[in-house]
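Reading through the structure tokens given below for one structure.
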Amino acid sequence: MPKKTTTYLRKVNFYETDAQGVVHHSNYFRYLEEARGFLLDKLGYPYFKMHESGFFVVLIEANIRIKHPLKYQDDFKIYTEIYTENSYSLCFNYAILLGEKMSAKAYTKHCILKDGKLTKIPNNIFSLIND
Amino acid sequence: MPKKTTTYLRKVNFYETDAQGVVHHSNYFRYLEEARGFLLDKLGYPYFKMHESGFFVVLIEANIRIKHPLKYQDDFKIYTEIYTENSYSLCFNYAILLGEKMSAKAYTKHCILKDGKLTKIPNNIFSLIND
Amino acid sequence: MPKKTTTYLRKVNFYETDAQGVVHHSNYFRYLEEARGFLLDKLGYPYFKMHESGFFVVLIEANIRIKHPLKYQDDFKIYTEIYTENSYSLCFNYAILLGEKMSAKAYTKHCILKDGKLTKIPNNIFSLIND
Amino acid sequence: MPKKTTTYLRKVNFYETDAQGVVHHSNYFRYLEEARGFLLDKLGYPYFKMHESGFFVVLIEANIRIKHPLKYQDDFKIYTEIYTENSYSLCFNYAILLGEKMSAKAYTKHCILKDGKLTKIPNNIFSLIND
């Protein structure tokens, strides 16, 4: 299946570091959320448009492997790809890169709720991803 | 005017520290929120009860003076007092203490919204605070 | 291999929620860190003792599956178990429980650094975990 | 005394919102830190250069008045000015603007530590600010 991809640029903020002098691991998941939003924007289907249509994207699984922790003021990029595992599961793979160095690899899986109930990925989003 | 007070106990979590090796200042405002919730609980009028009655407590001003930054695993206490400045302004003073040492002093001011509109402090809360 | 376990109690703070009205997923990883610290405390080998000996525990992998998101003021517990995958990998499994309901399942993997270099799990910690 | 100023642009991230549907007040202090770093960069004296010279900028007071809370995806700007209150106190005023609307006003005060001891604002920084 084809995968739509984007590259998102970011700089580490001081408040994202911890007393070990590196980015606290919980903050990587916040970076991933930014990268996800950026990809959906580029795809032409930003979150707010989903919300307007009554769809809520809910994270159900997240995984990260950190190889080289990011530090304060590091300029890094997140290479992101979106794909559908089936008609219910919206998935993302991420590579966090510091220059040419792999800082971390991650993936997240999401389902979609409408009126609080699990629903299929809307057709127009499914098409945007898979065409 | 009388002031109702409580003392709230807390320990610093690792993820609340920053690369300077101390608690990031933004996290003090999260500690204050916990201390506020604790006082309202003890007063017999917890947040969720307010929400059930349609009242939303909104922070409109916050101030802190940090004298001795907290570190990872510090056991500290927050001495909190509540008072009303007038029939619209709900205020709190805080002293963050590390043993006998003053770590920080703070205050916050809040207004109350009902249906998105500014409203007077409900009578029963006003009485609880001032009686 | 035997697994040492603890049960850690926690309440959701307001600042841990997001605009979907539930705990933001990144905060689960902060809860897990608290639960880990609690287990190491109970085991008699808290983080600060490791630091004093020059050992730094570094997270290299984290995974979570969220089934029922936590909400503001939820009282939940984290059932945690520690085990060693080999002489380098310190691992934890977690079950986040809301009453009898499974809120989330997670695991994290950690390595240990001394003077910035990967080192074996110290013997005394390895024994505490595996005896 | 003259004041050096900058305007910093930012968008609200989802993870910065809370269950009231707006940016949690603690996060404004993180935005201010970003705006401060941006101003020091533009002034030609970024934080990392201070650190290299052994100077640590420590926040000792922070104040905010929130008039119109920011929401998810709001594009806002922070107008920041730096000034010295005396030879020890580095101060910043901030106006957070959402279009033409004032969202919040804030100030922060900082001292400078060298080898853990309070020190005067280094001459070159003092000059950059006051010339």
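Quick notes on this structure:
To keep things simple, chains are lettered A, B, C and D as they appear, and every chain counts its residues starting from 1.
Going forward, a contact is a pair of C-beta atoms (placed from the backbone, for glycine too) under 8 Å apart; a residue touches a chain by one contact, two chains touch by 3 or more.
Keep in mind it's a predicted model, so treat the numbers as computed, not measured.
Fewest steps needed to get from chain A to chain D, stepping only to touching chains, is 1.
Pairs C-D and B-D differ in how many C-beta pairs touch across them, and the larger number is found at B-D. Mean C-alpha positions place chain C and chain D at a centre distance of 34 Å. Centre-to-centre spacing of chain B and chain D amounts to 23 Å, using the average Cα coordinate of each chain.
Looking at chain A, one finds that residues 14-15, 26, 30, 33, 72 touch two or more other chains. Contacts from chain B toward chain C in the complex involve residues 13-15, 30, 33-34, 37, 46-48, 72-73. Those residues of chain D whose C-beta lies close enough to touch chain C in the complex are 14-15, 17-19, 21-22, 24, 26, 71-72.
Listed in rising order, the residues of chain D touching chain B in the complex are 20, 25-27, 29-30, 33, 56, 58-67, 69.
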